[in-house]
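Structures given as structure tokens follow.
After this come two complexes, each holding chain A, first together with chain B and then together with chain C.
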Partner chain A sequence: DSHIQYERVGADVTMKCGSMDWDAAVTWTANGTDIDESHLNGSYLILKNVDLSQSGQYSCYEGSSWHLKYQTSLRVGTPPKEPVLMCRSNNYPKGFYCSWHLPTPTYIPNTFNISVIHGTKDMVCEKDAVLKNRCHIRYLQLFSTVKYKVTLTVTNALGKNFTTLTFDEFAIVKPDPPESVVAKPVPNNPRRLEVSWQNPSSWPDPESFPLKFFLRYRPLILDQWQHVELSDGTSHTITDAYAGKEYIIQVAAKDNDIGTWSDWSVAVHATPWTEEPKHLTTEAQITETTSASTSSFMAPPTTKICDKGAVVGSGAVAVCWTAGLVVAAYSVLFI
Partner chain B sequence: MAAADSPSTALRRRDLCSRGIRLAGKMRADVVDLLDTYVEQQGLDASAGGAAVEGVPLAAVERWDEQTGGGRLLENLAAYRAFRALLAQMLEEQREQLGEADAGLGRALAAVLLQVSAFAYHLEELLRLESRGIPGEEGDGPPPPPRLSRGGQKLRGLGVLRELAQWAVRGGGDLRQLAKAGTATGTATGGGGSP
Partner chain C sequence: SPAGDSWGIFTFLCAALCNLPALPALNCSEELGAGQSIQQTYDLTRYLEHQLRTLAGTYLNYLGPPFNEPDFNPPRLARAERVPSATVDLDLWRGLTDNARLAANYRAYSRLLCYLRVLDGQVGTAELRHRLAHFCASLQGLVLSIGGVMSSLGYPLPAGPAAPPTPPGTPAAPNDFLKKMDDFWLLKELQTWLWRSAKDFNRLKKKVPPAVVTLRLEARGF
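Showing the complex of A and B:
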């Protein structure tokens, strides 16, 4: 007969060789390898202070005939610790899901049992099609002040544990992050970036339960975020971007009235529009160039007020008042 | 069935819905803030109460998405009229217990009462727009709730504010459903009361 035997880490384990007498001559193997006689007490196998590495197939053979007398699969593990349970509604008002995990592995099989009670009513938690540590509950009632109580029990051969969550319908509402975030430069506007996004596809009824959004952005070279909260719409134009600097942008969503903010969306990067680099000219000369020419100084792109036509080939000084801005732009470069 | 929508009717409905939706959102935010203040100033435990309070309309509803437009308006109107009376009573009770600490609470209650009244008005206007009879108020409501002990008053007040916070979300959602549908009556037959 083959058995499965579960033992706690650190336990002392005694294995009897089936119906063999204590003084019978036997040989024990672990995963096919003979076990030294020092571990035997008569025909009994003694394993002291077992650890995980001692899990395996143990077999006992009669000494002379080498008949298999007993076999067991030893699984060393631990009883479950209190499980971690989370419940969330990312598809309000349809329902919510709960998912769970153990804080530390037990190394032996566990079974999870979840109960969901709303007031006095038991609710069904349907298993997720893919994730085995998740289940879904459909709301039977909306706008209720009666709390939900979710109890998760985890059991294995060495023990059991449980945890309970109690919450309001609104408290667990948390949309998924906005999707399809796109950031684009605005032609001829070196300080603007156009950002657009979409409602998370999991949010089933944005007309009845509209989302508001929080946008954050910063140049890559700086640590501090700028924030904008938007009560409607799925686009925004940033108008104070540093010219020529690459930006990182993210968006989060929240129901207008209830619940909490989503996680941040995937980050997108964009750089505001910049004019083609032009050579700075000096008072000494202005050279009309029809091909690329070298210069010891390249003006950074920035908004110019002066007429481009007045600069090229005029033979006169063409210093735009934006020189100050140029200096400021360089200052940013060195932050 | 509602009369065929004239452009002005549709515009008026849209206007009433959007203003009502904004009002519901503001009301929700103010009631949530008021709840925190109320719990603190009344010395209540945030987990106190929880059982349904007599006379307080429950926002909980099954098959909310299947409700007709007319049904939504009528249920909301009945609820907000009840809240109007309940908040007025709370205000009166507050004034009887007036202390410095409660003056701000009294003002906040009065502000919410105004919002509730305004929302009820929007609902009545929407019902009028749909040529539906507006249920009468006088003498139709339940008898005033019994005089309670101070502790009972506090718990009832907590129940009122909690349910009102739920109704504010439901009311906003209902008006958005109405705005989405473009008509306030759906397939409901019969009026909510005599004209």
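Showing the complex of A and C:
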């Protein structure tokens, strides 16, 4: 006679040896290991304040014959906390999907039940083919004034919990990030970078539902991004890049009129075109070339004085030192 | 702001000139081409949508709870159906002809404007009256702008004046709460229509080349 028993973490558990009397002589084992008699109350096994490590197979044997009288699989866990639910339309106007998870594990099996109501109508949420915690809704009508109400219930042997989301059709529109972002230098243009990308493939109808884009870029050595918003087209030429510096570039998308911006695309790196260095034969020529390339970089006003990229050589130490003195002088004033 | 009123006046003048049969059809919107009028109409819907956000916020606060609560999600009562709904079957919407698409917008905004004007006559505060009046003026501009596009494409304007505020047979709201519900749904439909129009005019932008206009001029024998 074997079954599964679910108990809460911290609970006190009493296991009976099947139909055996209280005063029968029995031996209990946990995962094959004998349990000490101190845990017994007659033929009952008492486990106080159970923890996760006590999950396992418990068996009870009759004292003399060693017949297996009872067996149970103990699973220690917790009732579910309020689940986290998210719904999003990345394929407007086809429909939307909802995705969920539990904030903390329960350590025992859980079942999820989702319901989608539109006004008075119940809608079917089709399970995702691959992901267990996702389902898809297809819009039957467009431009609806009635909100969608999605309720997710999670149940396990120790309890249940639920959460609800209510939203308008337009509020959850968020495309996937743009795809195939490519950044290339432009020959003979030391301050240009040509960026191009594609509409996310999940967006079904860019003709009727055009996307607009947001481009951000910065040289790797600086923290501040520059932004450009583009209302159409899937390419842009950056014309103010710092010569010879490697750039990081990302693009985001949004429906022209409704919803929110996508996440940023995968970042691409690119360096603007630089002239080929002339072939070197003497040391003097080497020094010439290195000083030429550093002078082509003009420090932007936002660069900190002590930024390594801005100034080269011993001059930097002197500048840092002076700045340090000024800062120190000011802080003395304010103490 | 005065910008909305002067816009309304501009489009009114354009549309008015378009509609005078005696004059040769040489006026602002036709010179610009239907393509550009569609762009202007699109821009106007975006401007109105922005204006409506402020107006709706103020108005719903005036109505008080539960109307101004973000989660307020009442069931649609039968009486609310007289406000024209933007909701439409997806394939049906895709398959609309340019004429049908424009006509649906024209009819909807004409009626919504009428209802809004009734509202304007009833509200309590001066601030609300001022905002409503300004919005109505802009909305009037939109109706005329759509009319202008239809005329420049040779489509007849939908028949009849805007529907009367209460179609015969519909009783006036029996109580204050139901009256407020009517107002709530009116604003909701207006907001949804403006979102829909942006999409309608996006589709029209792509499909209507300016060249169409000159051909129709010749056909009319001017």
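Basically, the second predicted complex is superposed on the first by the 277 of 335 C-alpha atoms of A that agree within 3 Å, B and C clash if a C-alpha of one lies under 4 Å from a C-alpha of the other, contacts with A are read in each partner's own complex, and residues count from 1 in each chain.
Operating definition for what follows: a residue touches a chain if its C-beta (ideal position, glycine included) is under 8 Å from a C-beta of that chain, and two chains touch if they have at least 3 such contacts.
The shown structure was predicted, so the numbers you read here are calculated from the model rather than taken from an experiment.
**Student:** Record, for the superposition on chain A, whether partners chain B and chain C clash or fit.
**Tutor:** When both complexes are placed onto chain A, chain B and chain C end up clashing with one another.
**Student:** Quick check on the superposed pair: does A:Lys149 touch chain B, chain C, both, or neither? Answer first, second, both or neither.
**Tutor:** second
**Student:** Which partner chains sit in contact with A:Thr120 here, chain B, chain C, both or neither? Use first/second/both/neither.
**Tutor:** second
**Student:** Counting residues of chain A touched by each partner, does chain B or chain C come out ahead?
**Tutor:** C
**Student:** In the superposed arrangement, which partner chain does A:Gln141 touch: chain B (first), chain C (second), both, or neither?
**Tutor:** After superposition on chain A, A:Gln141 lies in contact with both partners, chain B and chain C.
**Student:** Figure out whether A:Phe162 sits in contact with chain B (first) or chain C (second), or with both, or with neither.
**Tutor:** neither
**Student:** Regarding the shared-chain residue A:Trp261, is it in contact with chain B (first), chain C (second), both, or neither?
**Tutor:** It touches nothing on chain B or chain C.
**Student:** After lining up the shared chain so the two structures overlap, which partner does A:Ser208 touch, if you call chain B first and chain C second: first, second, both or neither?
**Tutor:** Both partners, chain B and chain C.
**Student:** For chain A, which residues belong to both interfaces, chain B and chain C?
**Tutor:** 93, 140-147, 170, 207-210, 256-258
**Student:** In the complex, go through chain A and note every residue touching chain B.
**Tutor:** Where chain A meets chain B, its residues are 93, 140-147, 170, 207-210, 256-258.
**Student:** Which chain A residues qualify as touching chain C in the complex?
**Tutor:** Where chain A meets chain C, its residues are 93, 119-120, 139-147, 149, 166, 170, 207-210, 256-258.
**Student:** Write out the stretch or stretches of chain C touching chain A in their complex.
**Tutor:** Contacts found on chain C: 46, 49, 71, 73, 75-76, 85-90, 93-94, 185, 188-189, 192-193, 195-196, 198-199, 202-203, 206.
**Student:** Contact residues on chain B for chain A in the complex?
**Tutor:** 25, 28-29, 50, 58-62, 64-65, 162-163, 166-170, 172-173, 176-177, 180
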